[in-house]
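What follows is chain A paired twice: with chain B in the first complex and chain C in the second.
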Partner chain A sequence: MDIASRQDGSIRILKLTGRLDQASADNFHKALIPHLDDCSATGNPLLLDFSGVEYISSVGLRVMILAAKQVKVQNGKVAIANLTPIVAEVFQIGRFNLVFQVFQNYDDAVRFLNQ
Partner chain B sequence: MKIKFWGTRGSIPVSVTATNIREKLVAALSGAIGRQLTTDADINDYLNTLGFEVTGTFGGHSSCVQIDIGTEDHIICDMGSGARPLAQSLLTRFGPARPQTYHVFMSHLHWDHIMGFPFFTPVYIPGNRIIIHSCHAEVERAFRRQQDPISFPVEFDQLAARIEFEILQPGQVYAIAGMKVSAQKQHHSGDSYGWRFEHGGQAVVYSTDSEHPVDDIAGQAAIVEFFRGADAVIFDAMYSLAEAVSVKADWGHSSNIVGVELCQQAKVKRLLMFHHEPAYCDGKLTQLLAETRRFEEITREDHRVEVLTTWDGMELEL
Partner chain C sequence: MMPQKTLKLDLRASPEELMRSVALLESFGRENQFDEKLTFGLMLALEECGANVIHHAYQDRPQERFCVRFEATDEQLTIEIRDTGSPFDPTAARLENPDIDPDDRAPGGWGIQLVRRYMDDIVYRRDGNENVLRMVKRVANSST
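Right, the complex of A and B next:
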């Protein structure tokens, strides 16, 4: 998993690329933590751009849940945008809309984070 | 080994309603419009093309599962309301005159897992022996209290069968009723225990009322070891993954997705979804099975887990 980070105003945008599975989950979580730490009520809202994520396994889902939990405790705001069809299907089966704000496209996600 | 499910519903028994039945009839009859159904065989052929949610029902009894290894002694997991139809079937088969031995393994002592006991008719028949195996020291108190006069007309001491309570320790391997039996502590209010039964080179795990907290790595590893290589794991798949970690976190139950994950890691042959949410209708439970199978397919690496769901009356030969 590659993470490319950039800033749009106060919003931290992470463009993720690759497979989020058993092999990559640990390193991905470690790389994500500094960004999660910054995602507090007064810090940077976080936008996870999933357009480059071609696969997510149950272990990957676990990392995403841990991320959601951490941000919730910090009263931060996080959004996910641009799911590929297979990842969208996995998110739907896990009912991830209950723990994440998921958007079809980038602009809607930015609008939500700027609210 | 053979598994027979007598109660598969979680938390409280439920029943199909008149509305449910009517919906099934409407679905079946509208599908039949324009078809030539003139004989019983035509009708049965047509019914076989319909889904289980139309022609059947998951049923609504709370947890009770029978394990049959072909021995005389009876092996039962939990005494939910499904214990009543189980008792009926046993009495029909063996009659009241022939004393029987029953081994009951308790996941825990919540109502939905003990409520069938006073309706399990073998307890009223002299000569029967009922051994209740549990890792909870309070097991006897829970069964007696349920039959206190304030809650039930027949007191525990009036039961004619010989009833014994056997406290077992998790992590030890016991030889009981011709099987190798071990228990695993699980995360649930007041604790619950999973049971692993081995016989004739096969293994069945009964793991209900168990939450798998997402950040408990050591706990997960222990569960994977407990499930390792089992032919079937009966699994508490009450919620969706997101529900289990958000609104219903700490409610003590798990999800279909965690079930798939644990069974993939432990290289389990079959995942049997169990302890169904009482609010879910047959259609919803059928949809959950399809979604879980799809999830297993998407996330499959080197090992395929066969995903099945359970319903009252279901029999599975391993």
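Right, the complex of A and C next:
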């Protein structure tokens, strides 16, 4: 998994590329933590762009749940955008729309995070 | 008509080796022109149940080994996983409630839930000193 980070105003945007699986999930979580640490009530809202994520398994869902819990404790704001159809189906099976604000496109996610 | 095709792998019990087998299964699916969703479901089933072998049956001992056999016929696609670790029945795992309040969710436990959604049958048996897990996807149902 690759993470490319950029800033759009106060919003931290992470473009994720690759597969979230047994071989990559731990390193992905470690790389995500500094960005999660910055995602607080006074810090950067976080947008996770999933357009480059072609595969996710339960270890990937585990990382995402841990991320959501950390951000919630910090009163941060996080959104997910651009799920590929296969990853969107896995999110749907796990009802991840109850855990994250999930948007079909980047602009809607940015609008939510800027509110 | 698709002739019967088989893929057999003898693997070390490590996440890297498991994902190598998942990549081989993906190539097998592409060569046999399985649709993307069908291939994804098979890959996911192999990863989730292989991970159970590594982390539960073998308790993260990468020197151990397990076998994967994949068989494709016109009627069905079968993944069989055999290991000689401690008895572990993934079909007995408690299913998570996806509608639970997000604050009350456990981070783990989604693997078997996903496998059940993508495979039609999942049967576990203890055969001597082996765990044997057999998962079947019927091709006629592959579009659902």
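By our rule, the second predicted complex is superposed on the first by the 115 of 115 C-alpha atoms of A that agree within 3 Å, B and C clash if a C-alpha of one lies under 4 Å from a C-alpha of the other, contacts with A are read in each partner's own complex, and residues count from 1 in each chain.
Everything below uses one rule, namely that a contact is a pair of C-beta atoms (placed from the backbone, for glycine too) under 8 Å apart; a residue touches a chain by one contact, two chains touch by 3 or more.
Treat the numbers as computed from the prediction; the structure is a model and nothing was measured.
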Fit or clash - chain C, chain B, common chain A: clash
Touching partner for A:66 - first (chain B), second (chain C), both, neither: both
Touched partner set for A:97, first chain B, second chain C, both or neither: first
Overlap of the chain B and chain C footprints on chain A, listed as residue numbers: 22, 55, 57-59, 61-62, 65-66, 68-69, 86, 89-90, 93-95, 98-99
Chain C residues touching chain A - in the complex, by the definition given at the top: 15-16, 18-19, 22, 36-37, 40, 43-44, 47-48, 50-51, 54, 96, 98-99, 101-103, 105, 107-111, 113-114, 117
Touching residues (chain side chain A, partner chain C) in the complex: 21-23, 55, 57-59, 61-62, 65-66, 68-69, 72, 86, 89-90, 93-95, 98-99
Touching residues (chain side chain B, partner chain A) in the complex: 214-215, 240-243, 245-247, 255-258, 260-261, 264, 291-292, 294-295, 298-299, 301
For the chain A and chain B complex, residues of the former touching the latter: 22, 55, 57-59, 61-62, 65-66, 68-69, 86, 89-90, 92-99
